[in-house]
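Naming follows writing order (A, B, C and D), and every chain is counted from residue 1.
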Amino acid sequence: MHAIGIDIGGTKIAGGLVDGSGNILKELRVPTPSNDPEAIVAAVVGLTNQLAQGESVIGVGVAAAGFVDANRENIVYAPNLSWRNEPFKAKLSAKLDLPVIIENDARAAGWAEFAYGAGKEASHMILLTIGTGVGGAVVSNSQLQRGKFGFAGELGHIRVVPNGLLCGCGQHGCIEQYGSGSALLREAKALVASGEPKGARLKELQESAGELTGNEVYQAISEGDPAALELLAELGSWLGQTIATLCAAIDPEVVVIGGGVSAAGDLLLNPIREAYLTHLPARDYRPKLEVVPAKFLNDAGVIGVADLVRVAQS
Amino acid sequence: MHAIGIDIGGTKIAGGLVDGSGNILKELRVPTPSNDPEAIVAAVVGLTNQLAQGESVIGVGVAAAGFVDANRENIVYAPNLSWRNEPFKAKLSAKLDLPVIIENDARAAGWAEFAYGAGKEASHMILLTIGTGVGGAVVSNSQLQRGKFGFAGELGHIRVVPNGLLCGCGQHGCIEQYGSGSALLREAKALVASGEPKGARLKELQESAGELTGNEVYQAISEGDPAALELLAELGSWLGQTIATLCAAIDPEVVVIGGGVSAAGDLLLNPIREAYLTHLPARDYRPKLEVVPAKFLNDAGVIGVADLVRVAQS
Amino acid sequence: MHAIGIDIGGTKIAGGLVDGSGNILKELRVPTPSNDPEAIVAAVVGLTNQLAQGESVIGVGVAAAGFVDANRENIVYAPNLSWRNEPFKAKLSAKLDLPVIIENDARAAGWAEFAYGAGKEASHMILLTIGTGVGGAVVSNSQLQRGKFGFAGELGHIRVVPNGLLCGCGQHGCIEQYGSGSALLREAKALVASGEPKGARLKELQESAGELTGNEVYQAISEGDPAALELLAELGSWLGQTIATLCAAIDPEVVVIGGGVSAAGDLLLNPIREAYLTHLPARDYRPKLEVVPAKFLNDAGVIGVADLVRVAQS
Amino acid sequence: MHAIGIDIGGTKIAGGLVDGSGNILKELRVPTPSNDPEAIVAAVVGLTNQLAQGESVIGVGVAAAGFVDANRENIVYAPNLSWRNEPFKAKLSAKLDLPVIIENDARAAGWAEFAYGAGKEASHMILLTIGTGVGGAVVSNSQLQRGKFGFAGELGHIRVVPNGLLCGCGQHGCIEQYGSGSALLREAKALVASGEPKGARLKELQESAGELTGNEVYQAISEGDPAALELLAELGSWLGQTIATLCAAIDPEVVVIGGGVSAAGDLLLNPIREAYLTHLPARDYRPKLEVVPAKFLNDAGVIGVADLVRVAQS
């Protein structure tokens, strides 16, 4: 039997009918209506009904960027959706005849990689998604970790610099401020503003585009612009240092790197690997983990949260 | 039926016969013979035979300060015992008729607190032992975490200061260098050496003892010496900051503080609690954890590793 | 003979007729007209003419918050006035019959303290002004240091945290982000936002005022609110650490603390003194410096820049 | 007329007869006898008499690695010579008919570069000597800065990492721990110990030499070994960051890099220049300084301290 996965993003809601091997059989997308929970509930219900039509479905999983409580019933805090303690599962269940689960989107993506993707051979895996922010998921002993209150795997808020840059979480020095796509863009803008000769190509791209965005930075990386590659390598170094610390606490065998910035491939992964090795505690006395790219990009949330429906019922 | 727990420390080996409720029925101690694995095997076998005599015993668990592999068969690296890849389980099993497990001592102590001590109401718990170094154990979903390679819970090697103090693990800036008893002693010595007036009481204690050791520092703390309390509070602050970072990754509901320095009670725990609260990411939107003292001090290893025998067979 | 000093601030321009002992004989203030250099030139000329009327005057000195070049002719960069490479001296000289000098306002204030104030017994002095930002002035061998390009004494941009908070100067981790009045206000707001019980008094003050400003924080400090005092002490600790580093480079005998926040007196100075002593390199082998409050508050710029006219002609 | 300069090093004492243009006319070396001040006084007297024979000499200057007081009479603290408050000038003057001055060796070297070497066109110069430690000298307004107590220019003890590596001065995080030859050797040893493939060449050199010393690291740098060059570049990056901070306080126009490690030339200087530019506060609004190699290597102390005799009498 199939399961439905829905992934609520900032600009669109994606839904998929997913089989028991993690394949998407049917997929639909609609624009994210607004921050109004009721409109989003309606959109999710609409997508679900379309996807379920004529199919035998065991349930629907819904992933969203926000803190989901440990019971997976409420969205405690979704900064982008401006939700606070939203009883999202109850609202969906009231309008759907199917079993419903909700999950944090990075955890759903982590589960997809663990079940069918880059971590499928592993029993202990970490996912880091490098996008606007830094998201995470932890799988230990083949179990997706939620922690006591549903906050496990918020790896973007590991502190890497005491008294460091201010983070949206209210603290200073989180890895999200040093290892995310936003950090990369901030540093690229600073380089252009500095007028240093090595920033010349980024400056050209800024001038021709009117404004420097992730697209221009990505173009410079693709062209092999040395300055852009250096900024990317610095990003990777911070991430590798963070992984070394996570080895002390969690000890995974594989770290999967996903999110938009991971499209840079080994240009990002190699600096991560190097910094990880350099900073690993007791590195002479322990096996090393692997750092690998994610298999699923845009579909990870849909596949993962659909599979979690299956897990919840098994 | 009872189980036997053996805890190999730097100066003595403690053994106990432990019932199914975590009570020690009989206890024996012998000096740690030397760093020779064979002599230690003989001592463990001797203790086990004495404790098992006339009892119905389901197995023996042995805890040691070292990295134990994920299969719990070899001691990969025991800095204090100078062991490398020692096949400790096989050597013990060859001389004992009982099932044998081996475990890292901090993880054994963590399990004792989880099963019968300060964490017994919890499903997600962290233990930090503050002694010469900083040890740790992580219990998630009521499972003791070992990680892929047996290194999970090495919380003393979470990095808190980039380019910070050199640690015995070969890295810089580990919490062990800021939050351990050794760190406290180092800072106390530095204060005395500085000649600052506020270090006067510590200086007196140093002069009367000939050398400043943990005992003198502890005495100054007991007397309420403001400088010693300030150093202890700084120790606690580093630990609280580390716990805040661990919340992002692991999200426990309770953190148990054990080890010799934890004898200072709330003088240590209150600064930990305050720093934890101050540094918790997204602190306005999440439940808080509790920071509590360990229940078992010297016996935690014996009780925990005996109970892990029971768990292994259930 | 007397000299005229003019201090161009963000909201008002103060002018004074100053005698050869640093006494202000006559003082006038007008609102700062706008950021238009011509209007400001006109205001300075007007004040000067009024103050000079019927007096024998050797020249006029003008202080402004901005980088003044080493020749003291141009204002290279004045962030608050939005000036860039403004030939301020030439514009003033064209309209005044008196010799003109221009100077950075913190350096002028530093000179006032050195010549007639808290540093008058010293030959090596540093001034730190703790206001919205952190300003500075260095006097070595009884000479006001300007550096090669006019940037010496920009002590607010000493880096104290690698990869630290972003500063208005484009760099990260400057002491201005940790030791200024703005830093104090930022931390006070964060404490109120956290909802922690110890922030209760600051929260009350915020609610009754509608918004938390420096005034409310200062009121809490005056009342002895423990949380506000703790934030102030942390500010002082950062400043003391910075002074310890400056001892290695410059080795002054006295550090004068001025600026609005210095009104807190020993509540600020004692934490500075303590952190300085704790962090001084080779502290057992060297004399210690003194940390003292500024003598002149609002008038320091006027007195100092008038005296610098005298120095320039001697 | 000529002056005599004597430079007391850890293994040898060098003496030279120096003309009024900074040329060494005659030079002698003897082994440093011991740490006994009397034996060193005798050696200095002997060298002086030999050099002065048949010459018209205005005085003798003696440089040593230690803190020299502001009156240049006593050596307050010389860690390598184990001297404390040694009245060195008085002891020398008692046995010599010439005027005597004493000076810190890095300051003497800085003066040589300022008067006749890489800084001779400048009025504001900083010298950084990168040897076992990091030494410094500051010249502002063409005056060698000594500070109030003789400690100005101790640039190796600028703090670059809060809670960083422990320094011989008793503090943590001094640039000497990150930017010296000792730091380079420490990092090279750590790389070899890590067993990482990129450390292969350094490992070979260690094995063939029996131990890794500065010579082996320098050989790897000379051969273009990428790992050794990377370690050297990191050293340079820390130094460049420190120079950026010194610009805020002192604002020199040229920074001269001397000491044994400076033999690496642009392999060291280019990373310094790059890091300086990247970290300079308000870098878009200010002239840049130059980073140049020292002109004098082993003779800088002799030339500089001889010239300071001349300055003292002019």
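Simple rule for what comes next: a residue touches a chain if its C-beta (ideal position, glycine included) is under 8 Å from a C-beta of that chain, and two chains touch if they have at least 3 such contacts.
On a predicted model such as this, the values are computed, not experimentally measured, just so you know.
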* To do: Could you quickly compare B-C and A-C and let me know which has more C-beta contacts?
  => A-C
* To do: Please identify which chain has its centre, taken as the mean of its CA atoms, farthest from the centre of subunit A.
  => D
* Structure fact -> Note: subunit C sits from subunit A at a C-alpha centroid distance in Å of 46
* Asked: Using mean CA coordinates as chain centres, what's the subunit C-subunit D distance in Å?
  -> 34
* **Length of the line joining the C-alpha centres of subunit B and subunit C, rounded to whole Å** => 51
* To do: Could you check subunit B for residues that touch two or more other chains and list them?
  => 161-163, 170, 193-194, 283-284
* **Contact set on subunit C toward subunit D in their complex** => 67, 76-77, 84, 122-124, 136, 138, 140-141, 143, 145-162, 167, 169-171, 174, 241, 244-253, 279-287, 289
* Structure fact -> Listed in rising order, subunit C residues that touch subunit B in their complex are 162-163, 193-196, 277-278, 283-284
* Structure fact -> So, in the complex, the side of subunit C touching subunit A is made of residues 161-166, 170, 172-173, 178, 190, 193-194
